[in-house]
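Each of the two complexes below includes subunit A, the first together with subunit B, the second together with subunit C.
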Partner chain A sequence: MQRARRWQWQRIEGIQMSEFKTIGKNEQRVDIRSKVLGTAVYAADVNLPDMLHGKVVRCYEHAHARVVSLDLSAAAAVPGVVKVLGPKDVTSKAFNKSVIDLMASESTAQMLGDIEEQHIFTDHVKFYGDGIAGIIATSEEAAEQAAALVAVEYEPLPVYLTPEASAAPDAVQFTDQKPGNLAFSLPDGMFPGGQLGWGEVDQAFEGADLVIEDTFYTPKQKQCQMEPNSYVALYDDEGRLNCWMSSQMPKLVHEKLARLFEMPMSQVKVTQTVVGGGFGARLGMVMEPEVCAMALAVPGRPVKLQQPREEDWLTSPSRHPSRYWMKLGFKKDGTPAACDARSTNFKGGYYLDGSALASTTGFWLQGMYRFDTLRYKGDSYFTNQPVCGAFRGYGNPQTNFVLEQMIDRGCAELNIDPLEWRKKWHKQVGDMSWLNATPYTSCALDECLDQGAEAIGWAEKRAKYASQTGTKRRGIGVSVGNHTSGAFPMILEQTTCTVRLNEDASATVLVACSEIGQGSHTTLRQIAAETLGLPLDDVRLDAGDSDANGFDIGAHASRTLYVGGTAVMKACEDAREQLFARAAKLLQTSIDELDIDENKQIFVKDSPDRFVSAAKICRDGSFNFANPQTGELEGEPGQIQAYVSYKPDNNSPPFFSTFVEVEVDTETGEVDVLELVSSHDIGRAIHPAICEGQMEGGAQQGLGMALMEEIYFDDNGHVTNNSFTDYKMLGASDMPKMTNILVENPDPYGPFGAKSVGEAGLVTPVGATANAIFQATGIQFTQGPITPEKILQAIKEKGLSYT
Partner chain B sequence: MSKHAITLKVNGASYDLVVASNKTLLEVLRDQLNMPETKYGCGTGECGACSVLVEGDVAINSCLTLAATMDGREITTAAGLQQNGELHPVQQAFIDHSAVQCGYCTPGMVVKGVSLLAKNPNPTEQEIREGLEGSICRCTGYVKIVEAVDAAGKAMAVAAD
Partner chain C sequence: MSTRVLTDFDLVLPGSLSEALDILAQNGSAVTVVAGGTDILVAMKAGFKADMVMSLTALPDLDYLDYDASSGLRIGANASIAQVVDSADVERHYPALWQAAKIFATPQLRNTATVVGNLLRGSPAGDCCAAVAALGGSLTMASAGSTRELDIDDLWVAYGTTARADNELAVELKIPAPAAGRVSAFKRLTRVNEDLAKLNVAVSLQMDGSTCSDVRLAMGCVAPTMIRLPSAEAVLEGSELNSETLEKAAAAVQEDISPIDDQRSTAEYRRGVAGVYLKRAVEQACSIA
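For the complex of A and B:
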């Protein structure tokens, strides 16, 4: 670990920014031409000859019920229907659609309490839209017609829409593996006392000058990735199961499908198509088990499963809603003496990644500030709601909404500037990071805050808005955060990469890292080209093919550039070294004396007239002809290929801040976001426009979480807004003026000093918006999202400050 | 379901088709003509991923348009904006400004951009933002899309001079 660190430092200090050929440049994205033309192939665009269409029959009558009887005979009689499938017609094996359980050892997963309790089709409906049967037909119309003719008799069960309701002693049990419908709580064996933190919290509160506490609610937000989940599956004539899909984690899905259908992984082929957005909605499997079960039922014929938006909404996981209690203790001078918190999460109908979310919500809490003492407890209870799973930030936006408002409340009570408080008390290099196990390796949060404050005019506006009259009130708020770069040391990290030099010294990089729109294939290619010393056009990534690619975890935990990028860099360093070793032999010098130019000529640095073509070395390696005159072999034999299986032993969280300025119409309750400034300490921007893109898109989702986005239910547990008509997001004309600042402070571990940027952009706009509304109205809103109705109601109840 | 014989001109080529009354233009483009560049996002006219141009420069939601009503009309999709291997200035601007992430909304956004610039060749930023309403992007926060449409407008004005 120490060696790796020194080596990395040398690399960064040795190469100045200007020396980079492609790192730091806004290169053309590798996928962009086909995307502006529309020729990029997404899963729904895959069409195979003789293709059938699948349809899952869903329960829309009840959010909680038992299937008493299921009669598929009328459906089977519809012309064009090839097969109808009930629970008994497919594997009875229980599984877990999430892949998080694969990322912990078996004993750890056991300690965490991970379970497998899902079935392809269920006889215990646990949420509105749960799947009970399947239809395979020659057309979508026939499948839909048949689905409408499925005769089901249900025994309705009580509907539980809150943890309190499902935890009641007489409540129907979701699974006998989780008594009391408690899906998860921090396990004692891993976190002593079932809690995170440090110090004597209760004692610290006794010594505090100010103690504040409140209970918040953070909403069930939907990722709304633009491409609904679609699939094609084929159980082919050679007995292989093929699945074209758009999971963020194709290799783990590969293993999950093989396990579920009890086939060797070599007999399962997963092809990741172009992915139309993820944000966590496709972290594990969504409908892969269903479509593969259908394909297995009709050997030799491909089955396509396309979900309408409304159905995709119900079947892909959303953000966990949470009830989040927090109590803070401060000394008069602002010293944060104690933090006590508990988040109780609404799990939805199935367990999925049950062990992870309630944990990480607390990790982000303990990672942010230097509290003298801290205690966090987290749990999740089953509810009759569509499943919850990963959504960009993974608990961090929830914590941001709560913690950052509470900090501002404390600062207001103590009359301390909230910006200065944050600068004084945020964690620094050397402090323990979010898991409380490894120290922060780099932190430029102060610079983020300084640049952000300057860009938005914090000091002037904060002072100006301190006293206002009139119906429209302005406010400015700040929020800070940090996130992660990969999942180490929490759960599994590993990326394999193979680099092959072709006969002309161009390179093929085989790596399973997912491009889900975030631009990772473009930035990984830049890392490969920079490391190999090859022109960008000479480097191609080959990804998304479970036959060709080795192991990788996939896109989650903001890991792809940080972990995948390092894997690519290491493999490319090896390939370059092999190439240079052959050149050194020919030029009778050492590797260190060599460099490569833009024409792929390897030359001696001190005497550039001594050079050899990289293409010749590579061609000779593959062809290795014998010289007809001498009989000697030309060149050194063997194609150059390098391989690494990289498992990081470090993590470099990015730090970031957001400032938001709002205007609240106190007569209508409407919030107009006037300006947003985010600054991120990203270590090094491999591709600045791609980094900005993550921050810009994250802001749209963060503002949405703060102000308007929530899935609603009626009393029966029916979802009332599972469409873009009823679930509103910010459109182009709703977005504020935005400034996104990249603060470059190379990290000792990240590839070329880079840290992550993927999820972070969503996090701090949430707290900053709430804090801006706090300044504008003098009211804190504990129940997200902060809609006009809630604002009007609060003004009515509490009155406006500064009137 | 009754059927209709229609002629549809798509990207310059003419197609004689028989379409069912209930088939949308989106379904006909994707399923009958095998032109996947027009995307299904919501089916309710809210997201704009299915936008195509009618008669060269009017953007419509193809998911809300019954194909049978388009007899004799000329349709242009994002793929059809390319001429002799040259991208449309709006497409080129999307590339130059890295205005694409997952790309699923992109063909519709490009079409929207072409349409709004046809109506208003010199739009303000606010007019671009309003012109893009009805098209949802979940990746970019619209920043680079707005920049790209603005730059395309300027490039087209220069080219027209």
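For the complex of A and C:
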């Protein structure tokens, strides 16, 4: 892999780059051995004595129906069944499995119109696989056999698979809280006129030399995280509700469970096990309410709930499918005069994070280019489909697919090089960022584009492919994007961190940040070790225990390193200062004169022969601080501990670009992705290999969204490809030659200058791939994913021939 | 939907061929025969129920793959796809079969799945099925007291259904030795590399200069079973192989196929690429020769 760096020798947070001990190094991941050896304990690996097994009875007959009658008696009679649960046997409280409503302030959530309308078991089936009852048995087999014997009478309801269908005036209402099945539209109170943007858009179109418009569709894509959701819950003999789970957001789930079951948070303990991938699929609760309701029904006995992949597919959220209309106006010289857009999202059966997606889709739109005027409207309608929620990129890949294709269409009409256009018109430092509230703090997108273009040979290939013959046609495309590092101030980002120096001056860092495979515990540990001045092996992170860990909002919005990392850094700075203060006293000097070496000796910088070991200071603080005869203090008593509750001041968006080269077989419509080059302005690479891993993994999902991934439905709303046999993602051998370029341009706010890279990698491969296909075939595809079937059909319909 | 319930069944592991045939004679349709198990185990996870599963694992001497220049290729019922890939004889004399085996499923499945099992599964998408249908050959069907040779052309009778009688066991696949000038090839289209075919095609032709004869063309995923392409074969049979005849053959394929829409592709697309892929397979066969 090629990696380019742009070093900037500047002081960041008082530490000069050349002094870094671990920042920027590819340290061994903290979790790699157990994951490779298979000893890591995932939620499904949790087995407790006397454990029972839960099963949710699901409706596979209808995608929309009312339960007229439910007879659980035959199920209850199955040997091994301990309890059967209908809707009335569990809490009747409504809830919202998403946690978005907790992430913004209460007034904001109210203004957005977030609702709670889900129930543990429903009598109004809203999607294929909705849960209607529960079985608790001594084995998974018995539970499944019992579930098959539940006798249900349904009243089938019309199935709505599009916003238009569910918005019809006579349509059955999904919830009385959202009339017209309009789950969400940008509220007037927050966004005047129910829209984002600026300027007189209509007027600007009148003055434009070129106006283009089209309507796109972006598919319902599944995260396909490796580990299906699994849980164990136990309502223990002391009246405490325990839940072992793998949510990305353990602290918010903790709060939601306590609220749902009306227990003090101290009486609910949440343990986050090793998490086998997130990508948004666990951003909030998935099956936590169900398993906890089951555990409460059988006090003293643990209940495990795990579902086969096909069931997990239906019950965990996916990306929102989106219908996305866009109209752009340009001046002859390429000046982007106007952008008008509307995305209408297929919400699925329940509201969840209904307010967020239609908003962020527009945020990414307004954050990218210096349009003279811009207007965006967004809404979501309930549909009889499995729920939609967070998925890596959160609306950004959708916008990228649409906006970047439209830009290329405009450039083609105006005969402007799409790379040069982007360099000229992308937003820069000082321009308003995606929320249109805070300015961009750093931007090295030009550098990304220059390095990426050089790496893939943009200029030569773009020119070469402009005129070609033969049935196989090549094309090269570019796409740019930016994302966010946490979502402050829209979302109230916060992370608490406690650092404890042990009696040997090793450090335990307590922080609830989630390691969901993205490597955050490795990079947070690097930040802690670097800041404390301790060897990496002396630092340990302790996370995932709701008793031990303080608040952290969770792994979302690419915020863990940026917000969590700063929290860790600040707590470690405090701990280091306390340690140095004691050393300064002993060495009769000031803190500023001290440094710490690799053997944990704190020494006076100007006279290194004056030193004291950090271990001695810590040991004396616990064991050796007073004269036992006189009681006189001999050292400084007390363990060194530091605590911060940190909220960021910004969201330092990373900028990035992707170049994709494809070869399209015009006789079969097959797309061979030959090469992909992504370059990211990441501020600082704390761990370059982890950054590259994020970019490559993101590219795999981005290419998948562009080329093949989509959940299918039949006319009855039944999902027809909820398995890895029928839903395909790119495998290792399908991936193109890839080059990752890390452009390091330290951000003034991020820890050590770092910005996010978690979600970003998925975004630009989407638009770049579509644009490469556009150059290769001369056709723009508005309906994602761009499958061989669609390509061949388009070639046929347009009567094109390639010889 | 997958099931966690594995229903009760008898697992029988015959130690000899005669024992296996006796079991089949006595239990007939109640027996599900398993060689590699890569299809049956997946089916059982999806709810397929078997009363009796007869595994061939303990049967001695059925994992052979032998080639003889005069009598041809013999593949035993327990021979894996990986053995085909490893065979230089198959690579040289039966390119269609070797090419199909080479990209068959995944390495793990190639190590476990058997060639004969792939044929007996009766799927219209089987990659080895296409190759063998084009190469021609026969299966030795043994039953207690008798043995018959079943021509590959007569094997598949309906979707997932073969001409195997309930008391029969397919013990060996025979493919005749190719005459000088015989060429063959296999090609397929998939969504991703490691996948079931959305269309596969295999061709085998006797070339005399540029004239072809004894043309055998097979295509999968375009009908309820793997099929031969009689109309396209008729175009090519005895004719000079050139771009014109190839185009005609490619056009004639439309008369032979009846594809449907499914999770992997559409009928329209399959119709759109069938001729193209047939042409490419013939070109590939001739370029190797």
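Just so we're on the same page, the second predicted complex is superposed on the first by the 775 of 803 C-alpha atoms of A that agree within 3 Å, B and C clash if a C-alpha of one lies under 4 Å from a C-alpha of the other, contacts with A are read in each partner's own complex, and residues count from 1 in each chain.
Criterion: contacts are C-beta pairs under 8 Å (C-beta built on N, C-alpha and C of every residue); 3 or more make two chains touch, one makes a residue touch a chain.
In this text the structure is predicted, and so the values were computed from the model without any measurement.
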Looking only at contacts as defined up top, I'd like to know whether subunit B or subunit C touches more of subunit A. B
Check the residue A:S733 against both partner chains and state whether it touches subunit B (first), subunit C (second), both, or neither. both
For A:Y712, using the defined touch cut-off, is the partner it touches subunit B, subunit C, both, or neither? Pick first, second, both or neither. second
Looking at the overlay, what does A:G348 touch: subunit B (first), subunit C (second), both, or neither? neither
Identify the partner contact of A:P250: answer first if only subunit B is touched, second if only subunit C is, both if each is, neither if none is. neither
Report for A:G276: first if it touches subunit B alone, second if subunit C alone, otherwise both or neither. first
Check the residue A:A44 against both partner chains and state whether it touches subunit B (first), subunit C (second), both, or neither. first
Classify the contacts of A:T725 with the two partner chains as first (subunit B alone), second (subunit C alone), both, or neither. both
Could you look at A:V36 and tell me whether it touches subunit B, subunit C, both or neither (first, second, both, neither)? first
Of the two partner chains, subunit B (first) and subunit C (second), which one does A:P308 touch, if any: first, second, both, or neither? both
After superposition on chain A, the subunit A residues reached by both subunit B and subunit C are 308-309, 725, 729, 731, 733
Note: in the complex, subunit A contacts subunit B through residues 26, 28-29, 31-42, 44-45, 47, 223-228, 274-279, 306, 308-309, 516-519, 689-690, 692-693, 695-701, 723-725, 729, 731-733, 735, 738, 740
Subunit A contacts subunit C in the complex at 60, 140-141, 144-145, 308-311, 667-670, 708, 712, 720-721, 725-726, 728-731, 733-734, 788-789, 792-793, 796
Show me the residue ranges of subunit B that touch subunit A in the complex, using the header's touch definition. 34, 36-44, 46-47, 49, 77-79, 81-82, 87, 91, 94-95, 97-98, 100-107, 110, 126, 128-130, 132-146
List the residues on subunit C that touch subunit A in their complex, please. 1-6, 189, 191-196, 263-266, 268-269, 272-273, 276-277
